[in-house]
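What follows is a set of structures for review.
Look for chain A in each of the two complexes below; its partner is chain B in the first and chain C in the second.
And now, the complex of A and B:
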């Protein structure tokens, strides 16, 4: 996420509300990276639910099981 | 503004972050100050074929509008349109396919009439992928992406290569092994008639490979041979095997011996007077490839296919990655003849008592003329490719040169011919505001004092027009050391020298010697 959003640091509080790079294009790039990195296929509904760091962790974990 | 993309879909992930983008189908901002304008309209994704065809025709109109309002000095690169989706129930209804074909034909037609417009074939990229990889509908519906964002990296490589080929950047020389590379089998064991070339597989695959290499040679790539063989065997094979496509006359230089290949490649580079970084080495033997990679890291060494039937795909990638170029000039096409004539000149030189009488015997014809619409492409190409005798190494595109002239700059080209052959346009001098912006000569014509005669003639012409002084610069690079003291040798005054090797000169045209030796025959137009 840090790489996609090009920020020097990033913690668990990161969300669409407080990270200016996490816009619609950022979301798209994040999905591409997550799907490639974890070899998963995210559904549009899940993508829509990913609004903060914890959402991302939860959804990616659920896909890996 | 740097590079600006006009588009109808989301394409940001495919281009470097420094690029700017229009809105979707938005022509309200004409990028008149852009260094490069990219036109990337993709085929509409639309279930209604008639509607889609209409949209395509509209995109064609939009493009022509842009060409009309964009200053003609802004370089434009347009991508062709590829129809990625169609749910057309009536197979015989070709309206959409026809509209896309017309659109692409229009792009090519326009590019033939404008030097600032280049068209790149997007199908060359998309044809490498199956439909379900090319497009991911999830990203289309969520982000209006008609191209799968997971192809961004591949697209990036492809795009960079397209821009390089437009800038006429490519490798100059291919160094080829013979046994199991240009033909199947080992000549020393199987003999002239035993090697596999032409006829049935695998000979047919090697013949195909030779055909691709021949077309590369005809486009101006210099072919050489580096092979561990008995030279007499190879020469006899080239003479006597009727199936070979590539023979001795296609190779500018050969190293057929038992020395190590790194040494041989180094000596080929020295003979042709080209850098190792402009050479590509093709050999089926992994240990030879590894040796060259280790000892000559500047030389490009691609992997070689395991099976002969993989040669066509290997050849395609070889051409695309290292040798594709947007257009070839007449100079390119004659390159083999020119390098050969150079070898003959070197031979002739040995028989003369002094250098002047040798130069006299050459019957040197220098043709100096202002750059024109036909030669601008060649001038741009020379600024891109000339490294050694290049005083400032300013790299220019065709549009840059056209703009330079439009802004009041002067560009002279130099053509060189002698009794051994015509080297075509091999030098240029660019001047703006009494300052020599660029001066360069191809290494193929160096060593005959031609550079001095060229500059003296131009300076004499400027003096005749009333110019009194000319300024000039030398900018040091890793490769242009041999030109470091050129202006001194002409009698220019060194004004100052910076720590990075940059030198600034002033020439008083009333004082310096502008006399040209009688053995240079100058033709002007």
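And now, the complex of A and C:
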């Protein structure tokens, strides 16, 4: 996420509300990076649910099970 | 200057509306402008970028700048269908023509206030998101009824996530309107930008160029068009004035 959003630091509080780079383009880049990195396919509903760091962790973990 | 009595805006916005298009040979003339706009409640003046003489005159006449329209064009051969983000949004994508009344009105129900938030109506404190929504719904409906444009749905995994319309003239596809629904996941907005190219390819249409207009107020969408290598061809400043009659 740090690489996608090109931010020098990133912690678990990161969300669409406090990260300016997490816009429409940022979301799409994040999806593609996650799919590549973790070899998963994200469904539109899951993409919509990814609004903060914890959401991303939860969804990626659920896809890997 | 070109004067258009926008009769359709009475149903859309409840205001008698006139649109003035400033042409290259025009010179600022407050008297002529006042004459042309007399009796109208909502006045829209479109000025090519760089006409500071008009900007000054319109400010003096109590018009305010509501948006800058950007005209975009793309030679479709320059579009990268293999781009990773394009591939992501076009996965399991269908772009059906919403031809029947049933399909069209079912899709239109998803056009709600909040789908379009960066246009000059949505952003104008004299109007509301509801006004903007009604205006776009009426535009879609008019195009559907008189078949003046092709209305298509954006369907991902069988679910309709947005809709748009375009008109094909010769080998140019004019993107007239498009958007993803208010409850569609962020990121799928890229569909609005590349639906035309994907539709052309899927239907093997003889299109060389895609043209469209966006508002500079919608910076996120402008970023998406830039990402897809559109050429930013022209800028038009849009001034408005509300008159109580």
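Everything that follows uses one rule, which is that the second predicted complex is superposed on the first by the 65 of 65 C-alpha atoms of A that agree within 3 Å, B and C clash if a C-alpha of one lies under 4 Å from a C-alpha of the other, contacts with A are read in each partner's own complex, and residues count from 1 in each chain.
The rule is short, and it goes like this: contacts are C-beta pairs under 8 Å (C-beta built on N, C-alpha and C of every residue); 3 or more make two chains touch, one makes a residue touch a chain.
Here the structure is a predicted model, which means the values were calculated and not measured.
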item	value
Chain A: partner with more touched residues, chain B or chain C	C
First, second, both or neither for A:29, with chain B first and chain C second	both
First (chain B), second (chain C), both or neither touched by A:7	neither
Which of chain B and chain C A:21 touches, first, second, both or neither	neither
Touched partner set for A:45, first chain B, second chain C, both or neither	second
Contacts on chain A seen with chain B and repeated with chain C across the two complexes	24-25, 28-29, 31-32, 35, 43-44, 47
Complex contact set, residues of chain A against chain C	16, 23-25, 27-29, 31-32, 35, 41, 43-45, 47-49
Contact set on chain C toward chain A in their complex	84-85, 88-89, 91, 156-157, 159, 161, 183-190, 220-221, 223-224, 227
Residues of chain B touching chain A in the complex	10, 12-13, 138-139, 141-143, 145, 149-150, 152
In the complex with chain B, residue positions of chain A that touch it	24-25, 28-29, 31-32, 35-36, 43-44, 47
